[in-house]
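Two complexes come next, and they have one chain in common, subunit A, joined by subunit B in the first and subunit C in the second.
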Partner chain A sequence: MNDATQRAVPDRLEGRWTSYLKSWETLLVAVAVFVFVINALSSPYFLNAWNLSDATFNFTEKAMIAMAMALLIISGEIDLSVAAIIALASTAMGVALQYGAGTPELVLVGLLVGLLCGAFNGWLVTGLGLPSIVVTIGTMSLFRGIAYIILGDQAFTGYPPSFAWFGQGYVWWVISFELVLFAAIALVFGILLHWTSFGRTVYAIGNNPTGALFSGVRVGRTKFILFLMTGLMSGIAAICLTARLGSTRPSIAFGWELEVVTMVVLGGVSILGGSGGIPGVVLAAIIMGLVTFGFGLANVPGIVMSIFVGLLLITVIGAPMLWQRLRERSA
Partner chain B sequence: MLHQARPATADSQAPANEPVLALSGISKSFPGVRALSGVSLELYPGTVTALVGENGAGKSTLVKILTGIYQPDEGAIRLSGDEVTFPTAYDATQAGITAIHQETVLFDELSVAENIYLGHAPRGRLGFIDRGRMNRDAAAVLKRIGAAIDPDARLRDLGIASKHLVAIARALSVEARIVVMDEPTAALSYKEIEELYALVERLKAEGKAILFISHKFDEIFRIADRYTVFRDGECVGAGLISETDHDALVRLMVGRPVGQIFPKREAEIGEPVLTVSGYSHPTEFADIGFELKRGEILGFYGLVGAGRSELMQALFGVTRPSKGAIRIGGEVAVIRSPAEAIRRGIVYVPEERGRQGAIAGLPIFQNVTLPSLSRTSRQGFLRLAEEFKLAREYTSRLDLRAAALDRDVGTLSGGNQQKVVIAKWLATSPKVIILDEPTKGIDIGSKAAVHEFMSELVAQGLSIIMVSSEIPEILGMSDRVIVMREGRMVGEYPREKVDAETLVRAAAGIGGNDAFRK
Partner chain C sequence: MAKLLKSRELLLAAVIVLLLTAIAWRFPGFVRPRNLANVFNDTSILIILALGQMMVILTRCIDLSMAANLALTGMAVAMLNAAMPGIPVPLLIALGVLLGAALGAFNGVLVWKVEIPPIVVTLGTLTIFRGIIFLMSGGAWINAHQMSAAFKAFPRAPLLGLPVLSWIALIMIALMAVVITRTPLGRAFYAVGGNPTAAVYTGIDVGRTRFLAFTFAGALAGLSGYLWVSRYAVAYVDIAGGFELDIIAACVIGGISIAGGIGSVGGAVLGALFFGVVKNALPVINISPFWQLAISGSAIILAVAFNARAERKKGRLILRNREAAA
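Entry: the complex of A and B
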């Protein structure tokens, strides 16, 4: 060991800016700029403040969930029931509407159903010790199944205008309420993950749950809180989406769990847990929003977008693993 | 009785038959550790050779070389006189070497016969597995080892002992001349052990050469014909069992001047800090009671599986005991989680460093501060400067060698990882620090640093519980030694009144129940 002669161990070898430059986030910024430029060159309608504002609705609701999902995946768990929670929360709000609930009650119902679903997932995983991927595939069917039973092929409509503001309102000029809400949520989760002891324990658990437990980390409690947060974010997304669409159908937000997970993984969070960060996931959300919008402007059918998301998910999960294997072989 | 140690190569006994397998000058190093240096071993047909040595003496490394899992750095393997190499486990099997390991990997969802013949099942004409023949052959092998097990049964429906017999049947299902048995009786009950001895006799009669690794002296003297003793990766003696006895073997195993490499300094021993009484676990340990005093190093010696780690993990709140009480500083304490143990001042440096101790993917400083985050943070917000300060303070006290404190712990050597784990606990200002095999698998230099540091800690008024399977370490460092066997305390000795022989006898259960002498 050549460092054996060195007595004092320095805190850091390279400056923080150097490590930022080498990071995945820098690559994502480049990709975002690239997609933006391509969109701007290929469509005359792209560079318009109102069009760009519309584009943000492609990702804000999913990205809100992705913030909480990022923490959950970093901790080594996953929640595939998020889109089903939206369906159930939206249905519950619809039912509440039938019973004459006003906007504050509707919001409360949405948040509460999200929290309850998250608590149920969290209890199954941390209380009973079941693997989260299986648990949440199960609750994915369960939650949406309940929504289908209540609604059949009906739809709830007639949400009050004050409620619609959560999905259609603008805070200032082209800046929508959803965009502001997403920015606030991203800020909260970014601070929580990167600047608090709670965030540190999330990384520790994702890296080595046994080691974290043996270091005095309350592993079960932390994971439960993360499921609760993911449920809550799904509830918030349900409020925004229901308000934006103005109606509830049982098929609402169908397949969103895949897009949310893709955002998180594209954002640099390892699907195996332990690494990644909020800035990357925010950038990934923007990229996916821009690509969706670009496809829309170019009149690409929705199914192509679905194919694109599938390929992207496989690529971003597979590429780091292939890279690792290549490096091991050459070493 | 005095026994002359002599190397195994030039055997003056001039055996009646030639060795079927002869290893000579075998060396094997791992980063930082020389596991084997120039060892020799000979196995004769129809003969049981016992391989004895302390934990870490290099026995398992030798077995892995014999079975093609490791390649020796130096030395030659001769099979019936011809020099051979075993690049893979398959080659070793082809050469007629089979092994019954301590922990065998079997497949719960497969049938007994499938487990026995996995990888070498008899094939029919079209290349499909010939199930009828496989079941008949499996039944024959099971019959040969005297196991009444249905070859068609699913493995998961069998008990532990029967699974072990299936593993033995698997090892014997290949045509083998040499059978390696690595602590084969460790998981068996009394009756099954008798059956295993009968099997060994039958294999002997069939002319197989058997290498028998065991810590149990009574069984070595009962079934072995020859012995070879390893110590610190070297071969320190070999010969015929009929020409030696318990005492001579124990002396060969541990015979090394104790006290030179383990600098325990005198520390003032004060009032009791931790009192454990009637502590029991449903399966792992029973009726444990001891007192740990301020400034004391209390050693726990025993064979692997004696329940020492399980006891320590219960004290640390990882598992729950079924009975018994702990008092910390005179106050009754119920510890339900590691977080609670840490708050009460008990910390645990686990044996499995990679899985339980260090968090390899996190930087050094974050590992150190993980249990102390409430102190380095303010209202839940991290303060990196405080974290670096704390990490710097404790890692420098342990003389950590690393490129920088923001490097991942996974990039460090075993010894330095251990220093990070110890630094992590010291930063919590504990009262009692439990060290489970603190120097297992780390290099000599780091070992000395860890021992030196233990002396320093007790001098500062900490109390240490040290679980160790290395006798010199136990003798060199402990003020008092407790020996455990099969989950129970079988002896407690003050420093002045204990020697290596006593420990080995108590741990292996030689010489009845006279071990308690204070």
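Entry: the complex of A and C
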């Protein structure tokens, strides 16, 4: 996409790049600590276990999707339809509820719709060979459009209490089910990306799809699986969000796709593919959650926080690129 | 290639005509010139924005911040008008265009000098612009009664049978057609998107060309900001929320390749008109407007699939732009 990044993409020595990554995550930890301290100093209510527990709800659902999205972006693709998948899955659960589905069926419907949507995206991108950034803009409208056709300006409510537990329940003391689920998902994706051959192929595809193909990597199939995973995570997020809100509207999770992508990019994943890791994305999710919550405690409207996130995104991506350019020039 | 482009636009035009015929079969009133002029007028802002987005996409970039830019400039001119009703409307429009261009230039500088991928830049500025609107307005709305009569009347004023809004869109189409096909800058847009490396060797400054594309797109978004706010007679933080993707969708339906270097003014206009016809036809043929989103989504997917096929014929790999450029 961009000339600078072409120069920076492949054929780098492993050592330099991992140390670069390490410093990135160190930076994120520093930012997280900074945000935490500022919050603790500025509001007496921040350092309260229950409040902190509430803070996690700001990011857990988005962060679940961000885990799968990170792998997808590392492989050089993107899925902008994730929020629309949430809307469609939530609507499907609402329909199932009208037909008398119980909690297990609702969960099943949510997961299934997520998988189906992911498979459809995957087929369009790998089967038909279409560019994911536009095709998922299309499926984004399509999926949410179906939710609008079914619901119009209505809403589904009346989810059973046992279902509400997925979004409102606590596993132990202040530790919510959503937080535990997110931790488990992060662990699974971390292991998958960093300690399995599948993870290596994801990096290989992102750095050089042609090279990966000639090395015997099943590029299409791997990408298809990544789209499936992203769809599945969106389905899981839909279950949690629907359970937490207790209702379904077609506008549910509107605009989340950009927040999820921001999380992933802030976490150090290159938008052009080939580099990044799960720990960074987890840290970015926590930072975004803490900032939202801290601003909320300080009575700062959520939209002001979006300025902060936008600036953070640009500076965090821009500063190293500028630094590198300056170093190249002086060298 | 010219033939291919032509045929693609013809095809899209044929689809639109077919759509109109199908509607006219049941509801002849829809295709009366008066109504078609209304549809065009209703689509004018989308057309102007799609023309701006087209320049950016031609250079192999993308601008997700256009709708936020529109909302920010719209709020700025509306607040200015509410505070000082004495400022003449043409001056306000000029200020809007300038502010929009400045916001676009900000995107452009980050892409050009800092070399951040355009999608990241505009994702960031999208949220920053929306946030700034909130800081400016304090979350308050500027309502119709706070705007001066001249401010609201200008886009509606009839001129030779068409509202001024439609004329502005027509002028922009003509202007853009000249810039794209008859100036070195227009050729540079295609060269930069078609093959950036080759463009460098032919003496084109790739970064600067992209910067100009972003600035012009910003200027058009600024113009649209005034038009939007005065047409709907209200300004608030969330106006045109989510519209950024509609603009890109119009371009994609119009056959502008997201991989850069392919597309035309006619395509962008037809893509936007397709949206306009569908949006205006739904209530007429008694389909709930809630269908619109799903229909445009399907249209985008079909258009992308069709574009990809047409491009594959001449051996272009749209997914692998990195190798193609290397």
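Operating definition for what follows: the second predicted complex is superposed on the first by the 283 of 331 C-alpha atoms of A that agree within 3 Å, B and C clash if a C-alpha of one lies under 4 Å from a C-alpha of the other, contacts with A are read in each partner's own complex, and residues count from 1 in each chain.
By our rule, contacts are C-beta pairs under 8 Å (C-beta built on N, C-alpha and C of every residue); 3 or more make two chains touch, one makes a residue touch a chain.
Note that this is a predicted model, so its numbers are computed, not measured.
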item	value
Touching partner for A:Val135 - first (subunit B), second (subunit C), both, neither	second
Touching partner for A:Arg200 - first (subunit B), second (subunit C), both, neither	first
First (subunit B), second (subunit C), both or neither touched by A:Thr210	both
Subunit B versus subunit C as contact partner of A:Ile303, first or second or both or neither	second
More subunit A residues in contact - subunit B or subunit C	C
Which of subunit B and subunit C A:Leu311 touches, first, second, both or neither	second
On subunit A, positions contacted by subunit B and by subunit C	1, 3-4, 6, 9, 210
Complex contacts: residues of subunit C adjacent to subunit A	60-62, 64, 110-111, 114-121, 123-128, 130-132, 134-135, 139, 196-197, 200, 206, 237, 241-242, 245, 248-249, 252, 258-259, 288, 290-301, 304-305, 308, 312, 318-323, 325-326
In the complex with subunit A, residue positions of subunit B that touch it	316, 318, 337-339, 341-342, 348, 350, 355-362, 365-366, 370-371, 373-374, 377, 380-382, 388, 392, 395-396, 400-407, 413, 424
Of subunit A, residues touching subunit C in the complex	1-6, 9, 80, 124, 128-131, 133-135, 137-146, 148-149, 151-153, 209-210, 250, 254-255, 258, 261-262, 265, 271-272, 301, 303-311, 313-314, 317-318, 321-322, 325
Contact footprint of subunit B on subunit A as seen in their complex	1, 3-4, 6, 8-13, 195-201, 203-204, 207-208, 210-218, 274-275
